[in-house]
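Going in written order, the chains are labelled A, B, C and D, and every chain counts its residues from 1.
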Amino acid sequence: MALLTREAKGVFAISPTPFDEDGAVDFDSLRRLVDFYESVGVTGITLLGQMGEAPKLSHDEATRIVSQVLQWTRLPVVVGVSAPGYAAMRELTSDVMAAGAAGVMVAPPNTLRTDDQIVGYYEGVAAALGDSVPLVLQDYPLSFSVVMSPKVVARIARAVPSCVMLKHEDWPGLEKISALRDFEAAGEMPRLSILCGNGGLFLDFEVERGADGAMTGYCFPEMLVDVVTGADRIEESHDIFDAHLPLLRYEQQPGIGLAVRKYVMKRRGLLASDAQRAPRGVLSSRARAEIDYLLARLGRLDKRANLVA
Amino acid sequence: MALLTREAKGVFAISPTPFDEDGAVDFDSLRRLVDFYESVGVTGITLLGQMGEAPKLSHDEATRIVSQVLQWTRLPVVVGVSAPGYAAMRELTSDVMAAGAAGVMVAPPNTLRTDDQIVGYYEGVAAALGDSVPLVLQDYPLSFSVVMSPKVVARIARAVPSCVMLKHEDWPGLEKISALRDFEAAGEMPRLSILCGNGGLFLDFEVERGADGAMTGYCFPEMLVDVVTGADRIEESHDIFDAHLPLLRYEQQPGIGLAVRKYVMKRRGLLASDAQRAPRGVLSSRARAEIDYLLARLGRLDKRANLVA
Amino acid sequence: MALLTREAKGVFAISPTPFDEDGAVDFDSLRRLVDFYESVGVTGITLLGQMGEAPKLSHDEATRIVSQVLQWTRLPVVVGVSAPGYAAMRELTSDVMAAGAAGVMVAPPNTLRTDDQIVGYYEGVAAALGDSVPLVLQDYPLSFSVVMSPKVVARIARAVPSCVMLKHEDWPGLEKISALRDFEAAGEMPRLSILCGNGGLFLDFEVERGADGAMTGYCFPEMLVDVVTGADRIEESHDIFDAHLPLLRYEQQPGIGLAVRKYVMKRRGLLASDAQRAPRGVLSSRARAEIDYLLARLGRLDKRANLVA
Amino acid sequence: MALLTREAKGVFAISPTPFDEDGAVDFDSLRRLVDFYESVGVTGITLLGQMGEAPKLSHDEATRIVSQVLQWTRLPVVVGVSAPGYAAMRELTSDVMAAGAAGVMVAPPNTLRTDDQIVGYYEGVAAALGDSVPLVLQDYPLSFSVVMSPKVVARIARAVPSCVMLKHEDWPGLEKISALRDFEAAGEMPRLSILCGNGGLFLDFEVERGADGAMTGYCFPEMLVDVVTGADRIEESHDIFDAHLPLLRYEQQPGIGLAVRKYVMKRRGLLASDAQRAPRGVLSSRARAEIDYLLARLGRLDKRANLVA
């Protein structure tokens, strides 16, 4: 399987982990998801991210999920391997790279504060995982409380040659994309593939700022693909983005966002169940009605959202 | 001037503080803002909030701003008086209540952690300010890092009789509104007026959940008024809300949100300058072009956004 | 092997994990440590705590360390199993309980804020691990940023019957011990064994307040035993405690504390090497000279500290 | 009055603010304190620090306290002026410098994260206060959650010429002192006076590492003077430090530390009352008995601690 490169672009779909009502991993739904992602034109799949309920999986479950997906698809697969220590990170990385993963993604522990601490942490990651494993730097201050200035991202890019991609989910983050592309143009850092997360909330402008695409798990990845590939159809890109924004915003709520996503994916027929393992956010009947209402409104503007009730 | 009550509803506009290019308070623009707010149907005005750059004002400037606004309007005026200690809070409260303010708003210091610490803090506030000063509880975990469960809000409402309003900006927060209204229905807490902040990002559903309105500073308060007063025109409310959502989301970015707001208000002719005092977020030319683009798109759906270039 | 009970008392030594200069687990030194702990009168051993470098161990290394120690000693062994999710926690717990551990210790994830979140987390832990696994609640706000009021500890004790011990390392914490013992006397919570951590910095008074002993890793556990068993010799207890306090304080520094501890244990002949796995705190030559100086001064008051240079 | 310089040394006593039982500022006790500080050989006084209950004082009270103390003493007086915004900071600075203060001390707001944010904040402080006001940089991560690497301190020292002193209370912090002195020796930053806070918990070694003295409020400043001036009597310095360490440690507890300090100062006859304004930590009778016990033990080693019961 090809390794992740600095030239990666498009949409890497962050896959949820399907469970059945008893809490077992639902591999049938996972297969369906993978086929779906391929059918809508994503260019990669990300497994075991935070929204993949990775901490709720045993090591064996985690590696089996990765192995199965790698047997089903030829798309590059990125695997989240964040862990409190380098040892567990190395174990999982070793297993998933052997199975054919394209690279691994590492979020910073939320105790890091100074610039040097952050850079040093990623130097340690690379030393622990080995130089040959492509690394995705996850920059998500809202969730991890670690704030990386553009200069720190540039320092990491210089100091860690295996770091080839930035999962960009700073907020606000548009200027950061511009700053990084300016650094690259000035020869101050090697190029990084920049894929945007943060639920896609600013994807309409992120692409225009120079991002290579998206890495997020919004329940209609078709829209993400539309926007990322629509650089020469600006108005149409904004139209489809804006049509989805009310639902996208609703899905992006901390704590219950994954419940929203799984609920819609179940309604779309992709997941047999929207069950999560504990701890989980739960949708009230009022919340489900609100989502149904948003879907109905969206269906008028994007026929792909016309779901059978 | 009438005091704030538990029955308050509608839209309380959080006013920015206008400065001229030299950094002096621009009272002409402030007057224009107050007239504008009245003209669009807001039911109250909030001064010296975080988005009012309160910490950048001297005590004299702050009290003069409040006094002036109170001379210009008969709308109830809420004043932000958050401070690291009760002494400064009491001084400012005393001055603004004497000038005719309807109540004061207090955010929690970000060192509070346990339920008891939070409740105790607001008991201390009431003891410091006196029972006769109507108090607005500001619940904004994203900004203050203080997390109040619905039970804690209910405890504060019971323990602090002068607390009559919740500025609700938890995220996600829809279930919290429902939980509080359920508590009230069950007789477990006195009624609070609930006005929603958080930039208005969920206002479409917050009103349906039982909120009494909005307290936020979005650059088109007309839309907030439309949504809050549109309870019997659900589809139309969502239509106008959704039309504004791309811009609203852009304005709600931490750090640069106020720069966006002031830029649009300047373009609307409300502010003579979009200057902020330091420390300030600054808009790049790319950012201004993005805002202009969003305004142009919005203008097609809401003619009030058709601004002269 | 007997399970941990609410009546546990004495000193549970938190063992460091010995490594050789190449970073491999040094089982010879570990054996020596266990024999040493038994020889000085500790009543239990804690493995895989934060100071045991647990996150730097692979799952296999962690379980092998526990198995080996359990073959060498009949003392009750508590194992740290904190993990970002319940799945990994359950896996490790299952393995170490099968090997004969007396119980497991769980620290709260540092995202918990409200009282309900904290109680709910430990209810979830008990549900994940099963009711038959004795649980040690680790209350260490300085390190984990989670603040538990005495009422929250009492709620956990009531809601989670398998929780039998509190590792108490709040700071300040003397009043918390008194409050918990008062709750117990009033029948408001079941008894917990309270063993004090926080480097032992307040052990002199903690015992007088009602703690059952210590669970910490100070490099002279003999002193901890002296203080914990010296309840009827108050002055002597304080004398020996005060003699060690300068070194104890030096060892308790965040970040480099473990380096200090391993350095002294190497000088005492207990560890073949003071190596740590990355990331690690490193002692400068000035720091080592300071420790040597403190040891020399201590040696005049406690002959057990008269080490060969 | 002379301004603070980079050559400042000795002990700057952080004065508590005395209140009477009704909560009024007790100027008689304050006068007594100032006389006492002079009598024991301190080289400066710090007012309105966190331990001076500054946030509980009105602006008028704060400025009156500073004015009074400046009339009573010729020692240099540093005033804490930390505030949420530059405006209040500038107002207080202007007033106290006009009254004769030697300089002001500013702690960082706890929202700062990146190196650039921290440096930028202090550049903004200097711009707000003016270049002629000597500035003390307060580096206290345990209390403010802002972590400054030695490189950041050096950057501030270079970027802000008016910054002449570091109040050093990082923990652990010995290596930071050495690193800063090494930077100075290498010409990479201008000299800073380094006075150590953190309750004096590491003062014995801080002086040996190159600190110029202490700025803290321990209830026996005589000991601080002994240690700081005892560089040529190393053993005696450690003896007196170690004798005080059990009490010093007890006083250094967060939350109740000031209550301990005021209690001892009252027992010493320096304060008429140990009252604090709300919010306050309160000593239980058990805590007071513990302090009395520590004082009795200390009195055997340091006759200055032999207090009348």
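Here is the rule we use: a residue touches a chain if its C-beta (ideal position, glycine included) is under 8 Å from a C-beta of that chain, and two chains touch if they have at least 3 such contacts.
Note that this is a predicted model, so its numbers are computed, not measured.
K.L.:
Measuring centre to centre, with centres taken as mean CA positions, what chain is farthest from chain C?
P.N.:
The most distant chain relative to chain C turns out to be B.
K.L.:
Using only Cα atoms, superpose chain B on chain C and state the rotation angle in degrees, rounded to the nearest 5.
P.N.:
That rotation is 180 degrees, given to the nearest 5.
K.L.:
Would you mind pulling out the distance in Å between where the CA atoms of chain A average out and where those of chain D do?
P.N.:
Chain centroid spacing, chain A to chain D, equals 48 Å.
K.L.:
Taking each chain's centre as its mean C-alpha position, how far apart are chain C and chain D in Å?
P.N.:
Averaging C-alpha atoms per chain gives centres 33 Å apart.
K.L.:
With chain centres taken as the means of their Cα atoms, state the distance from chain B to chain D in Å.
P.N.:
38
K.L.:
Multi-chain contacts only, two chains or more: what residues does chain D have there?
P.N.:
Touching at least two other chains: none.
K.L.:
Across the complex, what residues on chain A touch chain D?
P.N.:
Within the complex, chain A touches chain D at residues 113-117, 141, 146-149, 151-152.
K.L.:
State the interface residues of chain D toward chain B in the complex, per the touch definition above.
P.N.:
My answer: residues 54-59, 61, 83-88, 90-91, 110, 120-121, 124, 127-128, 277-279.
K.L.:
Spell out the residues on chain C that touch chain D in their complex, using ranges where they run on.
P.N.:
Of all residues in chain C, those touching chain D are 142, 171-172, 174-175, 178, 201-202, 204-205, 208-209, 238, 241-242, 245-246, 249-250, 253-256, 284, 286-287, 290, 297.
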